[in-house]
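Each in structure tokens, the structures are laid out below.
The same chain A turns up in both complexes below, where it pairs with chain B and then with chain C.
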Partner chain A sequence: MMTSVATPPMSRYVEKPPRPKRGSGFWAYMTAGVALAIVFIVPIVWSVLRSFQPERLSSSAPQSADFTQMSLTNYSSVSHGTYNILQNLANSLIASIGTAVLAAVIAGLAGYGLAKFKFRGSGIVFSVILVGMMIPFQVILTPLYIELSRLHLINSLLGLVLVYTTYNLPFCVFIMRNSFAAVPNEMMESARVDGAGMFYTLTHVVRPLVVPGLATAAMYAFLMAWTDLLEAMTFIQTNSVLTLPPRLYNITTSTYGALNTSYLASGIVISMIPCVILYLSLQRYYVQGLVSGAVKG
Partner chain B sequence: MAVVELVGVRKVYPNGFEAVPRIDLTVGEGELVVLVGPSGCGKTTVLRMVAGLEDISDGEVRIGGKVVNDRDPRARDIAMVFQNYALYPHMTVAQNIGFALKLQKLPKQEIAQKVQDAAHTLGLTQWLERKPAQLSGGQRQRVAMGRAIVRDPAVFLMDEPLSNLDAKLRVQMRSDVMAIQRRVGVATVYVTHDQVEAMTMGDRVAVMKDGVLQQVDKAQVLYDQPANLFVAGFIGSPAMNLYEAELGEGASSARIGSSEVAVADNVRRERPALAGYAGRTVVVGIRPEGLTAIGGRTGDSVLRGRVRLVEALGNEQQAHFTIDAKRVVAEGAGAEDAIDADGVGVARVAPHVKLDAGENITLSVDTTALHFFDPETGNAIWA
Partner chain C sequence: MTTTSAIDDAAAPSRTSKSGRANGKVRRSAQSRRAARTGALLVSPAMIFVLVFVLFPLGFAVYISLTNWPLIGSYHYVGVSNYSELVHDSDFLQSITFTLLYTVIVTPAIFIVGYGLAALLRANRAGAKLFRTAFFLPYVIGLTTVSYMFEIELQPTSGGVDFLLSKLGLASASKTWTVHYGSALLAVCVIVTWFASGMTMLILTGGMQGISRDVYEAAEVDGATWWDKEWRITLPLLRRSIALSLVISIIGSFLAFNQFYILASNNPKLQTVVEWIYSTAFAKFEVGYATAGAMFLVVIVAAITALQLVLLRNTEE
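Presenting the complex of A and B:
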């Protein structure tokens, strides 16, 4: 009779996994990707480097790539005097953060209602909201101006925030509705059976699950507000209330005197910083927020 | 005393669909009643009406003697276990189990103690700080049960809690769920589409079809004395073999296709109304274990056919055969879509009997275990 001896289970992990073989298609794909990346990144890197250089080097032809005279002089110059953009930077931050918060709150509540409550006309309401995404801003520019004028909100950051929020809401509601739709109904019913009311369920059970959607909606609204030029130029007429993009535009058009490309470059770099920080801190939510609800989890 | 009573409960959806025409059901103290039926029969709708997650169109739901039709779920003293567990993914196991207690504003120490006790009962103590995503399916199911137990409710409502588990785990969890229910002694309504689960778990089993209760009784009674064709075809795996048959004089024999089968005295005694069907067509039911393969031997009350397929299960074989009889399919019991279904049947055969597809088979019928049904109403023929 044969006796069998129990042997310890073998590990299923190997020390050195074999390297996958790469064909010519892979290398062609990588080369094209790297080349495209360089094409997109080089202007940004160039602007950043030039922002630390004096005007005569900053505006020189690309072939005279001299990166020796680097200093913070330009950044110092744009913080006071004719080219002071600090107030405009603050205005942009106020308008963008205000838009992000307001859009996220309203879109969150709207998305919750549209995704989780059955009511007559909900489909129509959602369709109308989506149609709003397709209307170009230029079409509603004049009526909006008249409306804001009557409300005494021209030349006001509050008026600007309301305009930005309204215009960006359709996409934010779309994101939030999909985010809430991905939350299983049983989870909310379970909370209801456990004794939670509607608001408690929203804030303690559902909200943590839709953070990616909220982050995406807020980030989208922030970026749209931060980079906007047309609305700001239309509804703001005073320099002290202007946001950063129209201010930089005015610098470009020599509104304040001869164009200084090094100051412009430093202004552009300053305007990029919040966007980069925001994206880097919220990027893990961004894709999640866009695709939530796409696949049954 | 009945803990849960459904009296004339009806459910009609806004689009006019009548999901549950009428249901009357009681669940006693500590009793586990299983609601079983095919998908779409209304069993989950009934459960949700008891929970308060669906409005009731008519009738009354009483819990602990009080009518709860207009009460919110949290005011009904119930706890529910959902099919997909419905755990809160951003909370730990301890937080999930203690969620309802926190809403009741109990002191933190009391909550912690109750959570510990529930975790100990369910073998979850070492997982209390984990999140649901870090648990296996069986562990998640136990957390869902823990969330229900810790509330000490009057009624447990369970909506197919084991259907997301693999077969082996399901068998293990079945006994765990039963043990827990027995230990806490709470009246339980358990919904499932799996008749094996229903038979093994329920103190009583309520079979539903198209929103109507077909039969409510102990599992063995449903198996031995099905009230109609649907229950006969639904309960038991493999399903009961049902054929058209012509009853002989005095109902002493039944002709199934070309075979003559005797009807035993005990059957005629238990079903006195059978005599009234003499000379008429009835439906005869034979459980797979009521057929014995007798090889080439001859005998009385045999069915002769051909083997279609043999399924070896280790402890037995299930021989699928065809005979020259008209098979009867109970609507909704799940066999309507079978290809080439006429005259087919299943017999349980001992594991080492040699059987091959395509060969002839002779099956001796246990004439003391025949079932008879009215072909028009589908009801079992008794008194």
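Presenting the complex of A and C:
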């Protein structure tokens, strides 16, 4: 009796949620948040609107904010004729998806090996991967170029995918090692005791636990490849093999000195689309991967 | 094929170590040898990639830097003459000075804005998630695309920047931003701060979430002001996250290429080290010389990264 009477008010006191305060502090916070959000979003929205603006308006003075005459002309001109970028868009997709798949598979294997097997030299492997993290590709651009040309991998999307994959590995291996380390050994063992084969265990017991890590690794590799400019323009010289970012650079500089605003504007929006879609749909993985990979790396 | 056999081996060692103890030492060590082989097999593809495309080129770079390697044609060993020439090369020295100046300006800017954003959203009040998404959006799009965006908007008269500034009465409507040294540097710094502060925000937010509310409440009881709390609680407890965000910004700035190549390549005074390497190797075809210049960058970047590893290890609680 005593306890049943005494307990409810106690627990109610403890569990009482803090009431949200909406005083002047809250409104100051809201104002600052909205104002900053405008600063961060408006340039992006603006450039999307730009892409629907006819060249005549986007390159002339007083009407730069005139978005009343929208059209799809820019998009049709980048998909036909001299400044056709459809091939480059396809190249970018091939290179980015190839990099994402290859990096996720190789990092997945390595992460599994590093997290679940004790073997001599695993410390060395990890140090080598750390060294890989310390050497950015920018500083070994010249030997890489010579190496790739000897391997006949210049002007080749395969060569680009191999290089992109390598420079994504340190981060991706890190993510995958943490993912596999989080899978309890007992779990894999009890599945085995219950008669599950190792393949079944991996696909049905382990997989759900490492899929977030794999998604994170693949997404980062995809985005790195998708937004790269320097490697693509160094290792690829033919317009028809170029990925989108360096192709856009060539388009902007090849129009007799004057910037071709409308071609570029539609190219920008096409480049943004996969980034924004991936971010908004996989935001949780994006942030987690960034924080865990970065903080511990 | 490799994968499947590796998986079969995976649980074997742990199983024998518990249920197969009676089998004795010999069997167990055979099992652990098998596990070791599997482990090595699993990491070997990653190792091959790093060896072939990072470590080999790195060693190769040292060799190239001691030659007069042209892009096409024969070459010979020249000793350290590339290095001694670099020390007197005003273009190279200017690119180093400029990259340093850029790093010194943009790193604190990104940090201060990123810290402000993280502090604003720390309490996770209504809308914080949405704001965070918005602040990080420029980073998601990538620096290449962001640079293209501002290439359009920094155009004199037709660009959005001039339009906005003239509407606010802050500048004439036809400023040629990217031609002049000061305005081009200012423009790139503002753009990169806008681009990268979301990243710093996220790293700091991760650190801030690890600080218990109780610490702040105790400080409030003792009559601490907002500034006291930031200075004496948040900053010291965020050491790791702060160091990390600074290192990322510093290395990123040292390796700057896209933003200057796209926005300011018409001004040779705004040339970064990576731009110098690229143009020396692939426009002037002096690959050996360019590689010697790149070795300076290897040393700087490796030193910063190593310093980060040491610092973060020491501050670990």
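Here is the rule we use: the second predicted complex is superposed on the first by the 244 of 297 C-alpha atoms of A that agree within 3 Å, B and C clash if a C-alpha of one lies under 4 Å from a C-alpha of the other, contacts with A are read in each partner's own complex, and residues count from 1 in each chain.
The rule is simple: a residue touches a chain if its C-beta (ideal position, glycine included) is under 8 Å from a C-beta of that chain, and two chains touch if they have at least 3 such contacts.
Computed from a predicted model, the values in this text were never measured in an experiment.
By the touch criterion defined above, A:Pro208 reaches chain B but does not reach chain C. By the document's definition of touching, neither partner reaches A:Ala90: not chain B, not chain C.
Shared-chain residue A:Val45: touches no atom of chain B or chain C.
Of the two partners chain B and chain C, more chain A residues are in touch with C. Once chain A of one complex is fitted onto chain A of the other, the partner contacts of A:Arg192 extend to both chain B and chain C.
By the touch criterion defined above, A:Gln138 lies against chain C but remains apart from chain B after alignment on the C-alpha atoms of chain A.
Residue contacts after overlaying the shared chain place A:Gly113 against chain C, while chain B stays out of touching range.
Of the two partner chains placed by superposition, A:Ile277 touches none, neither chain B nor chain C. Of the two partner chains placed by superposition, only chain C is touched by A:Thr227; chain B is not.
In the superposition on chain A, contact of A:Leu72 is made with neither chain B nor chain C.
Applying the stated touch rule to the two superposed structures, the overlap between the chain B and chain C interfaces on chain A comprises residues 189, 192. Residues 3-4, 6-8, 10-11, 14-15, 18, 32, 35-43, 45-47, 49-58, 60-61, 64, 69, 117, 120-121, 123, 125-128, 130-131, 133-138, 140-145, 148-153, 155, 157-160, 162-163, 173-174, 194, 198-199, 202-203, 205-207, 240-241, 244, 248, 251, 255, 257-258, 261-262, 274, 277-278, 281-282, 287, 290-291, 294-295, 297-298, 301-302, 305-306, 309 of chain C are the ones that touch chain A when the two sit in their complex. Within the complex formed with chain B, the residues of chain A that make contact are 184, 186-187, 189-196, 200, 205, 208-209. Interface residues of chain B, counted against chain A in their complex, comprise 51-53, 72-74, 78-80, 82-84, 86-90, 99-100, 103-104, 147, 151.
Those residues of chain A that touch chain C in the complex are listed here as 20, 26, 29-30, 32-33, 36-37, 39-41, 43-44, 46-47, 50, 58-61, 64-65, 106-107, 109-110, 112-114, 116-122, 125, 128-136, 138-147, 162-163, 165-167, 169-170, 173, 185, 188-189, 192, 198-199, 201-202, 223, 226-230, 234, 245, 248-249, 252, 259, 261, 264-265, 267-268, 271-272, 275-276, 278-280, 283, 286-287, 290-291, 294-295.
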